[in-house]
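Next come two complexes built around chain A: one with chain B, the other with chain C.
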Partner chain A sequence: MKSVTGKPSKFDAFVDKLKKESPIHIAKRMDAPKWLPWVVRVSAVIVAIFVCAIVCVGEGGSFGGFFTELFRASFSTGRRVVNLLQEIAILLLIALAVTPAFKMKFWNIGAEGQVLMGALMSVVCIKYLGTYVTNGSMSDGGLIFICLIAAIVGGAGWAVIPAIFKAKWNTNETLFTLMMNYIATGIVAFSIVAWVPAGSFTLGILPQGHLPNVGGYPYIINIIVVAILVVLVWVYLRFSKHGYEISVVGESVNTARYIGVSVPKVIIRTMLLSGMLCGVAGWLLVNGASFSITTETVGGRGFTAILVSWLGQFNPFAMVVVAFLVAFLTKGGSQLASTYNFGGSFPKIMTGIFFFIFIACEFFVNYKLKFNFEHLRKEKNQNECVADDVIDVQAEDDNKNNDATESNMDEEVTD
Partner chain B sequence: MEKTVAIELKGITKTFGEVVANKDVNLDVYRGEVLSILGENGSGKTTLMNMIAGIYFPDEGQIFIDGKEVVIKSPKDAFAHKIGMIHQHFKLVDVFSAADNIILGEKAPRFDMRAEVQRVKDEYAEENKRFEEYDESEHPGALAYLQKPKYHSNAQLNLKLMSLPFEEIGRKIKFNWLSRNRVKAVQSIANRFGFQIDLKKKIYDMSVSEKQTVEIIKVLYRGADILILDEPTAVLTPQEIEKLFDVIRNMRDSGKSIIIITHKLNEVMEISDRVAVLRKGEHIATVNTAETNEQELTEMMVGKKVSLNIDRTLPHDVVDRLIVKNLTAVDHEGVKVLNNISFEARSGEILGIAGIAGSGQRQLLEAIAGLYKVNEGEISYIDPFNNNEKVDLRSKTPVQIRELGVRLSFVPEDRLGMGLVGNMDLVDNMMLRSYRKGKSIFLDRKAPKILADKIVEELEVVTPSTHTAVRKLSGGNVQKVLVGREIAASPTVLMAAYPVRGLDINSSYTIYNLLNEQKEKGVAVIFVGEDLDVLIELCDRILVICAGQVTGIVEGRRAIKEQLGLLMTKTDVDENQISIDELTIKQETEQGGEEQ
Partner chain C sequence: MWIFLRKAVRLSAIYLYGATGEILTEKSGHLNLGTPGIMCMGAIGGCLGVRAYVGTLSSLAQMNGFAVVLIGIICAFLFGMLGGLIYSFLTVTLRCNQNVTGLTLTTFGAGLMSFVLSSIDQTGFSEASEYFRMGFVNGQDLDWFSTLFLNYGTLVYLAIAIAIIAAIVLKKTRTGLNLRAVGENPATADAAGISVGKYRYFATLTGAGIAGLGGLCYIMDSLLGTIDYEVEAFGWIAVALVIFSIWKPDLAIVGSLLFGILLNAADAMQILNKGLIKTLPYVVTVIVLVITSIINKRETQPPAALGTSYFREER
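This part shows the complex of A and B:
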């Protein structure tokens, strides 16, 4: 936009300046106040829920309906609250399981398989020892206990294999644990077909080994077990010598060697612990919830839990909050999907939006954007003070132009 | 000779978050001069230069080159303004030859399509004009016929214009593939400034000094007039430094501006015409080197009077504490990193270890500390608390060494990557070495807390609290925490690898004093250093190693820098030297026995 007089207009000068200096600087936040990250994260959650609401409205729902359904899904009846807590508990337990390994910078993404193996071991016990309960030679509690031991062994065994390979031959644990998931799924599928060779190919509800209901509600024992484990894992990571060794190995293998920590030993020990917790999760899923097993028993929680652990910054109590948000949105999503006929993937869309915005907000936790416009405007104003003959109208025009560029720039950034 | 300003900085300010790296810096650099930027670590020297080299962008301020204001947003812009920077850590491709590295990334001249179109059009129009004005009768003869201008039709012109993109590709191919061999051009630059280098040599075969030469030629080849060298002498031997300075003088005499970032005063005095002193990001003064002295510069740099003397007391009660015999170790590729190393560290003495970086110093200390696998040889410790019994340390883990009652403290080279955990607070770092004590499965944070408080108080560590992550402290304070912890274990052998690297002068002298204190307490101190002046001033004996071999053990009080430099680069080991050392070992052990 050249001015009519042929003289370069202020706008041109402004554009030149923009070309020279980028209008937006990304600077690392140093010494940000402690509350700031939390403000950013809480606003990210709020933004995420509003984006979900907009998606819902766009699909044909109503704004008010979105919020009522969202909260109704989790809080309308006692039963629903317990269901929500159960969902949180399982997700949280798997997140707790992967946390020690992650603190050690051992990227265990095989929780899915480890939980599944724990669950399978539990089902195997019920399947083959259940008859002893029916004929009275073993108590139901005894069977449940044997299931627990078997599940822990199953989960730990599945987790320790990649750990040994990592410790001995420094294999890549990420790929290894990921591949182990598919093997675990395969073994479960094979077992089901072996047990139910004809018909539906699904294992029905097993009659024995059910964890008892408390106060008329199911899942209560699951919730209590996980609540205890949250505290135990927190204490283990923060106050025990093992936890200290895990942090040192995670921060620097060289430091660990320097102080005489045997890194392979710590890796194997921590993965055993990780696998054991996964086994407990498998046990709770079978004996405390579904009383059966399919390849979808874990249902992707092994991966979601990784995000929960990360976003909780490996702090068990922070993970409780994240797990709550994920479970709450999933439940709300299913409710909305059935109310408005959105289809089965709506809860996934909602959790997807949540994770996307929640993870993206970490950028603003670590960095701040500095806009140069202030600086440029200031300079412009100074120029105006010097040149008295500038007409106010023109200045206003310029301001408009500036604003236009500014908004354009903003758009570019968001793109 | 009237000097012209090559580059001028006006009011340059740069902040990183709350940290002000540079504040309102004004600086002139003339053509044909060597300017030293002097300042302690963290005074903003490198940041300032990085802004000229286009790596950072100043928050405020202007840069003028030849009197014109310029904006340098990237290293590419810097090159366009003929500014080249040689970084401390070289950026070369190992498997390429020197020449390939130098021409790497060089771009074919830009093919400006519009200009080319205009050029072809003008050419054709010119030719057509000449054709019209051409009078055949004026130019008789066969030769003239050949020179006769031709007429170009519009179709011919369009054809030519349409072929221009192909010409562009052709030129690119020619530049990138057909005439890749620009060794001659590079060689001529090397000759002009007196570089001695084999351009066909691969980088992985080169010494540090040769690599640096390649970096400098690279910058010159790109046509730089203003060269910035970041700590160029840090990794060189005295002889190599001399060579580098000769080259720098040559470049200066041919009119280039050279900026050297350094904190070594003697080099400043030797090479530079002017010195700009920075302190805490601010430009204190620029002085002519001829009109100043080291003491004055130090005062400007530190901001107060400092004494640059290390008082070295005569060692007393000298007994062998650690005896290393014929130590050999190989790295994972099977190359001998330690080759037949023998020496003894004595109580009440500081044994310096000198050598070019990467000559096996790290492996030697790690082998003693039980962190590096030893293939041959002996490491034995004479235990003063157990009737001077010999303890074999070879192939023991650090935990085993401690369980044997050996009080071996080790300040590793990599402070935050090995000695400390950056993300942990002071208290947690205090217990790195001692957390195992006791049978409880839980940690005891009380004793480390007391220790942390004590170290903070006694060594004057500047930290907001003992619960601050160590990585947030400055280099000097980090080192104080580490050395403090290692000394708190009341060692009998204290090994320190490059303990003052990256530290400011005051912190450095604090560390020297701590080492001296330990020596007076009867600790056998092993000090790996890089600054030969300090080694000569501080150590009682200096062990020189080169490529994993001991090339000499020199008496600290009689050592000469040049002699050390020669030993550091010696390739074949002098047999006599070794035998003399072995004799002295025998004598010393005998003496030691008598004293007891």
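This part shows the complex of A and C:
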């Protein structure tokens, strides 16, 4: 763009400099076709898996071996499929739990602690009420139900504390919930040592409160519970009034106020729901999977679930796919680690690579790159023209078409 | 008593690095939850650097104390910066969500650390560690002044020096002013001609390098050259310390000492069940977070643009 007077002003020189510095221009995508995000994401997954394969080959594995082991880990036996589904179910449930809060732009990264508190409450119930089951004054089913209630209360209680402070004094929730994780871990560590004051300091498998196996396989009930909750959460977010209020608060707090939504109420209610779902996850981890508790019972799933929720665009069904990919890679990674002797942290590296690439691909979903090389070439031509004092016609031309189009280029060439 | 305080100071250096680095990053408006991962990366770098140096020696007796410390520090810094580069490329250039990127970096860094370091040859590490721990005065029976002030390794003094320098840079220099402007209101800073991207890259990379030194400090100073994978936990304490010190590196020095005392208290009081005492740093942090939000003074608040990526064309 040249000024009409002819001579390039200081401002023009500045603009020229800017243009020259960045031949690549980033612009927001406004009218992307619906299929495009999915093409980008699927390619990202493929790229990520191939990068993992290259890492594996670099460490002494083989390319074919990588894919065989990856699929064998999850699909070779019925038991392994169930294990995979269990991993997906727990991850998905925690992701579902954080989703309503995230939609509200409440960064609840305390799912780890909320699940752990749910699990702890469940263990407390088994620990102190288990004797009533053994002497027959309470049924096992009754105990499991009490555990569920206690776990929900535990998770919701842990989640609502930061929510109250956020609602009342706008305390930074990201940092608050993060700190609550480690306080929860400390409480669990304390409880375990209090229960097992000597020896191994590990709580063994508790005898009561086990969810029954179905068809000879464990975890089936966990999977069913989570499958139902996926649909329920989807309906809640999509069709209920609460779900609508959550979206409004997430989009703009001021808009929410104008239409008469009580923002503190929504924050506290949503976090209660978040915590309740986390509590259910804790309950499933104790009563449906490990029948015990350690500080590592949740094992970082609270953090991974945040990634699952975010990469699934807060859509429960998309989250199923992401959770599947993560669980699949984790299982495959452990299998590869034991086959090729990579050490137990290999799955972490694989999921790390997967997430990095998947996160980066979101950029190409939201933004597009415009390459300005043509523009640069044109600028160069123009500068030559300026030197020859032939300017005016082109300058006005340029003002009309700011974009570097092919036709514009042609005109210049003919000039 | 003096020994106890000395222990606390030694421990505090680890997360003082992490906290100083994180403060620089957060002042530029980026909440880097990858700090634990970056500290792990620093530990990897330091160990690989020391290992490479030991590999060039024909015998351990030839080890030059100055060289080994310098190589360790440089390598840890560079590896930390590498972690920071991944983070800032994703969040500054590609404008990805910061929480998500940071958490991934933490998982990745912790995984990479146990992956790389579980198979590393540790010959010469304990000798190198002795050089890292060499203070102005060394020996067994020291008076209280020497124990408390003169008997630390290089990395402890360096941690405090870096925190002081960071405080001065943030408070007194033009660079610091611009950096804070970018963190408070990037759009205004941009309009004033400050390059938001450049400052954010600069702050994140420098901060990550400093945080990386924390990992090195843990391995070479606290663990006497053996390898352990608890770095991640210290990383989270560093994040807590940032809040505790209300985003001021000079306060972080005091805060890190307090955290060190709290963390060591369980051992000193010989309490068997340490679970609850170990949560004290986090509890204290939560209390500070709540109090500062209730008081709601501008000086004690997080940088206003913390956690948001900046895109010039967005309104």
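Here, the second predicted complex is superposed on the first by the 348 of 415 C-alpha atoms of A that agree within 3 Å, B and C clash if a C-alpha of one lies under 4 Å from a C-alpha of the other, contacts with A are read in each partner's own complex, and residues count from 1 in each chain.
The rule we apply is simple: a residue touches a chain if its C-beta (ideal position, glycine included) is under 8 Å from a C-beta of that chain, and two chains touch if they have at least 3 such contacts.
Since the model is a prediction, treat every value here as computed from it, not as a measurement.
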Inset, instruction - Could you say whether A:I349 touches chain B, chain C, both of them, or neither, answering first, second, both or neither? - result: second
Inset, instruction - State whether A:I259 touches chain B only (first), chain C only (second), both chains, or neither. - result: first
Inset, instruction - Figure out whether A:A111 sits in contact with chain B (first) or chain C (second), or with both, or with neither. - result: neither
Legend entry - Partner chain(s) touched by A:S247 [first = chain B, second = chain C, both, neither]: first
Legend entry - Touched partner set for A:A27, first chain B, second chain C, both or neither: both
Inset, instruction - Have a look at where A:C278 lands relative to chain B and chain C in the superposition and call it first, second, both or neither. - result: neither
Inset, instruction - Look at A:F239 in the shared chain and tell me whether it touches chain B only, chain C only, both, or neither; answer first, second, both or neither. - result: first
Inset, instruction - Name the chain, either chain B or chain C, that contacts more residues of chain A. - result: C
Legend entry - Contacts of A:M319 with chain B and chain C, given as first, second, both or neither: neither
Legend entry - Common ground on chain A, meaning residues reached by chain C in one complex and by chain B in the other: 27-28
Inset, instruction - Provide the residue numbers of chain A that touch chain B in the complex, in ascending order. - result: 20-22, 25, 27-31, 239-242, 244, 247-248, 251-252, 254-255, 257-260, 262
Inset, instruction - Spell out the residues on chain A that touch chain C in their complex, using ranges where they run on. - result: 26-28, 107, 109, 165, 169-172, 174-176, 178-180, 182-183, 185-194, 197, 300, 303-304, 306-307, 310-311, 342-349, 351-353, 355-356, 359-360, 362-363, 366-367
Legend entry - Residue numbers on chain C that touch chain A, as the complex places them: 31, 33, 86, 90, 94-97, 99-101, 103-108, 110-115, 118-119, 236, 239-240, 243, 272-276, 278-279, 282-283, 285-286, 289-290, 293-294, 296, 302, 307, 311, 313-314
Legend entry - Residues on chain B engaged by chain A in the complex (per definition of touch): 16-19, 57, 71, 73, 369-371, 397-399, 402, 410, 412, 414, 416-424, 428, 431-433, 435-436, 440-443
